[in-house]
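One structure below.
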Amino acid sequence: MIKVILITGRSLNQGVSKELGKFSKEYMEKVAVCELDPEDLKVLGLSSGQNVKVKTKYGEVVVKATESTQAPHKGIAFIPYGPWASILMPSATESTGMPSLKGIDATIEPAKDEEILDPEKLIKMVVGREP
Amino acid sequence: MGEITLKPKVTFKVPIIAETITPDNFAGKPIEEIEKLEMWEGNRKTTLGDLFEAAGSSGEAPADTKIIIEGDVRKVRRIGYKMTDGQILIKGSVGMYLGEKMEGGKIIVEGDADSWVGAGMKGGQIEIKGNAGDYVGAPYRGDTKGMKKGTIIIHGNAGNEVGCWMRGGTIIVKGNAGLFPGIHMKKGTILVEGDCAGRCGAMMKGGKIAILGYVPSVLPSFTFEEIKKSFKVKGEKIKGPFYLFTGDLNENGAGKLYVSTEKNKHLQFYEKYLE
Amino acid sequence: MELLIKNGYVYDPINKINGEKMDIAVKDGKIVESVSSDAKVIDATNMLVMPGGVDIHSHIAGSKVNSGRILRPEDHYKDVKPRTAITRAEVGHTVPSTYTIGYRYARLGYTTVIEAASPPLKTRHTHEELNDIPLIDKSCYLVLDNNWIVLDYLSQGEIDKCAAFIGWIFKALKGYAIKIVNPGGVELWGWGKNVESLDDQVPPFDTTPREIIRGLCKINKMLNLPHTIHLHTNNLGKPGNYRTTIETMDTVSDLADGKPNIHITHVQFCGYGGDSWITLRSGAPEIAKYVNNHNHVTIDLGQVVFGDATTMTGDGPFQFILQNLTGNKWKNADVEAEGSAGIVPYKYKRKNFVNAVQWTIGLELALLIKDPWRVFLTTDHPNAGTFMKYPRVITWLMSKVAREKVLNKINKRAKKRSTLPSIDREYTFYEIAIITRAATAKALNLANKGHLGVGADADIAIYNINPMEIDPSKEYKKVRRALKRAAYTIKGGEIIVKDGEIVKSFIGETFWVKPAIPEDLEKDMLREVSEKFKEYYTVSLENYIIGENELASSKPIAVKTNL
Amino acid sequence: MKTIRNVVCPFCGSLCDDIEVEIEDNRVVKVRKGCAISATKFTKYNEERIYKPRIDGREVSLEEAINEAVEILANAKYPALYGWSCTSTEAINIGIEIAELVGGVMDNTASVCHGPTILGEQDAGISTCTLGQVKNRAELIIYWGCNPAHAHPRHMARYSAASRGRFVKGRKERTVIVVDVRKTHTAKTADIFIQIKPNSDFELLTALRWAVKNGELEQEEIAGIPAEKIEELADMLISCRFGALFFGLGLTMSAGKARNIEAAVNLVRELNNYTKFVMVPMRGHFNVTGANEVMAWATGFPFAVDFSRGYPFYNPGDTTFVDVLTRGDCDAALIVASDPVSGFPAEAIRNLAKIPVITLDPHETLTTMISKVVIPTAVVGIEAEGSAYRMDAVPLRLKKLVEPPPGILSDEEVLKLILKKLKERVK
């Protein structure tokens, strides 16, 4: 397990796959991911493409770890905007209207055999009922 | 002193605008008139009597009128709006804008208070036994008329921007404070007895801020002056020692920032600027 | 739909009617000779009847105004009115919402208002807001003096093509007149600089403010546009700038042919004597003297009213100076190849020397310029105060007592330096009708506005005050009260205001000029312009053009040009 | 087959208006000039389309759906109307009147992207410009907490770093600085990359301003950047002829939020005492700026407007949708052209799932999944026209290229029907 600062944001892949549909295979492939610094991957004993569990004070989610193309950023993990990222975010906005979607303390641990939930399962988990 | 007790009739879902709950509006009125006072439940205009069980009798003048609120009023906003005298005691937690533009009297909250406590307050005293939200004493967006007079005491923690655009008065936070205490401050005093998330006094032009606990750093636009033994708030001496900074120099400000030396060893490097 | 307004005291200067007791007949939105017996009758006995007001210079719509709204939430909180069955919610004080602007002008008895400065690239935005301003008719001036294509053509001396371009731009963007804002200075503001005189160079263009003004004045005549060039001077807001103002007026005097050929706007802001803020004095006497001796000039006041204002102009460098003086929040918004805009909140204080001098300048101009047909009432809303203060300004003009009451409260030094206390002139209702309606309509060449003759648009204001009995000089408070809330405002033959309240709401017309340009000339010009567009702009020429379908109620005015 | 030129791309805030599309039997078959996202948007807009209105998952007629929506909105004591950044200005304008009529909270997605930019502006102002000023004049360009290479793919080529203008001819004549927590693909193209510690932008901006004012920095390192480096940087900013700062959610979402923007505004304002400097927010959705503009002219406030008492009240933090949801204040919601469920924090989503939600969208989304009423609409900019505002508030006209599927109306048309019914219903 490693401690990281989690940031979220737009990515080209997220932008393109979004246009293919929120329930498309591509969207899940490109958005249910966590970009990590190669060194951090090493520490976790993982290689690109294996699953990790990301935990914050606010929630946890399983996504696919990928080696960042924007390294070095040891200790910083990136997840594109989307349902997988938002589960990890605080809802408090410090009375600004804006949740803190960048710079959250998080931990990351290997989760090779745990499944990545598709959007439907994810929402079911969040709202606690069949959508 | 006359006492009026209010109890919510139901658990509120949508926001309740209750700016009519003030000793000024209650004083000299029989219950049935108090029950007619206007309130808003979301987008429906309604009356105090529809939303609250009211009992007791008010005093002749605001000064001898005490309002006691029981039950959950976290959705109830603007209690004590522009009140000039008398007392409000809230036994639970309360919603936003408590004591907005308050001019006198006293409000006590036994639980927590949501954001904008004492927004643009002009006098009187507010005491929160629990925690307070963000923007304690602050004005609305774009406005520069922050708290001018009076005292706000928070026994728990306070959120971001305590005393934003403050023009006078005193705010005491006995717990921890979030980011930006005293931002845009012109005058007055802020005392944080616990830790502070940082960026104290950003863009301040004047006034005094003291942090007795830990601060991650001091803004680069503040300059270190000297080590001070103590800090005065409302005549009372608070023992230091403190690092004293002046700022915000970016605003040509002359605000004073006192930071405990013991709790902030990581700021020792400033001492090289002594002599 | 027929209306008969009976027994009112009518002030209709264009038709030389001066307080005559008479009836006004209305049919299908126009003034007519007579109406049938089943016409709805409005009893205007002992009331003041005038044409609907015509505001020649007000900032009511577009990117600059909206930036002011966004910048100033604190301006809006206290000035609100809930939605009614007829009206949308009202909100805003110095920078109100579009709906609020329409309702408030209508309550004052105004029925036509022109947005004073629209940068071409953002004129689509201006029209989207004009579409949402109810009741009044409106239009907008296009800022063209710092436009690169105009400057290229002027530097190269290609005045025909420049005229063709400007003619085309009115058709393409649906504007009404040529607005000039600190010519040359605003282009240099692109580099954080400014000009200081009419003869400074404006690199990289081989031209000067003087040449730009003269060029556009000639083009205005070539295109035969209904209004003159509408000019915000260089050096605006600087002590001593009254000299620049007079020089600017004089630089086109030789181009005049008996009619006005230049309008200098909000002259209060460019009527400063002295050489610093300490030695500041009014330059109004000198300017008035020039105007009295030259009939090619018209002006409007930009009268200061004490209290809250929001300064917003296309004069970026001026706004930059102002934010440094005040330390207030500052928005600057430059527009590629066209100009700039700046916004700074401001509060005019009686006891402030500079503000007090500014207050005297506007009134001195109005009182020292003899011909009311060439000096118009404005506050350059919201720069010197909101248009809601017009009734107050009118009473200052009609009553020496009202002026003295304020004079006794303003900064002493300012009072001592001002000639205002020595001026006895008091405006009559007839003259007020001229400077708020008749003269502005005439200056805009709006044949159907500003008068009540047969064929005119039935835009009528009725105020509950008896001009025969009242003495405005003494009872100015009554006058102010009456003018604040019209007894009736009639727009296009519809009663829209009764006893100061909106009783009907609809969207008025947006008028714009459509100059006829020789085809081949337009073709040549457009070929060059589309090339320049690729280099200068970030949008395509096609997407720059605004379709007539984008206007809620479009009223093109065809113009025969001398091209 | 016909070719349509100068099409405005309805994806990001860059609103590129030079797109060429080829239409064959009411389908876009080819896209030229657009970026990868644009090309996908124009050709794949029929993926996961909704073709029939739904109530509780059951297909119904448009009229039934509209009646249900009207009932929900008319009965609600505190309805919220949210989204609006991916539809036409005209549609948003009707949404505003609906909110006013039903006494609801009208918020747009700006509150979770550049809302803090607006809050910063409301305290300090902003020195900004249209993108052509940058293209024609900017010698120095900073990208701070934004990654156009990914989020606004053609921005650098058309408007900024590599654009060709009248006075500055291209990338070689400009200095490009990137400030970010990661070496983004934008950073890789920069002349200078400043890797800043997360959540310390405010400190760096404050230090830069102090250095510009020629003040002495008493700390050796700020935000992970050595003091000398900061002073060097300050000198560079002062000595350029025209500088532009582009900033993104790296500033608006990280610790300090609106105050980060205020610090940037103050830095730029300071720089204007020495040279010409401007800043432009990198707005995300194609018409989020338009949502702010039309709300401002109609209500005085650019987002987060509460009409519950009949007139507009504004206080982000109170009247913003995420806060309204998190506190569980609203009892119904109308979502237009947005998918909050895929982007909002869990607690907010849980509360949204508890109330009746009406959603207008061309496509299946996570939000339509939890909606009681779903009304499919046309894709604005492809199947419907309308106005949209670029990130620099330049208004452009979106084109209608093809016919929408049979029976599908635009957001504007559906909202008009709802408003009409509401006016009869609410009296």
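Chains here go by letter, A, B, C and D, matching the order in which they are written, and residues are numbered from 1 within each.
As a convention for this text, a contact is a pair of C-beta atoms (placed from the backbone, for glycine too) under 8 Å apart; a residue touches a chain by one contact, two chains touch by 3 or more.
All values derive from a computational prediction rather than experimental measurement.
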Chain whose mean Cα position lies farthest from chain C: A
Contact-richer chain pair (by C-beta pairs counted) among A-D and A-B: A-D
Chain closest to the assembly centre - both centres taken as Cα means: D
Distance from chain C to chain A - Cα centre to Cα centre, in angstrom: 56
Intercentroid distance (Cα basis), chain D paired with chain A, Å: 22
Interchain centroid distance [CA atoms averaged], chain A/chain B, Å: 38
Length of the line joining the C-alpha centres of chain B and chain D, rounded to whole Å: 34
Of all residues in chain A, the ones touching two or more other chains: 94-95
In chain B, residues with contacts to at least two other chains: 115-116, 134-135, 140-142, 179
In chain C, residues with contacts to at least two other chains: 71-73, 75, 77
Chains grouped in pairs wherever the two touch, ordered by label: A-B, A-D, B-C, B-D, C-D
Residues of chain A touching chain B in the complex: 94-95
Residue ranges of chain B touching chain C (in the complex, touch as defined): 139-144
Chain C-facing residues of chain D, complex: 5-6, 8, 17-18, 89, 93, 97, 100-101, 118, 121-133, 135-137, 158-159, 164-167, 241-242, 269, 272-273, 275-276, 278, 292-294, 296-302, 307, 309-314, 387, 389, 393-397
Touching residues (chain side chain C, partner chain B) in the complex: 71-75, 77
Complex interface listing, chain B residues touching chain A: 115-116, 133-135, 159-160, 178-179
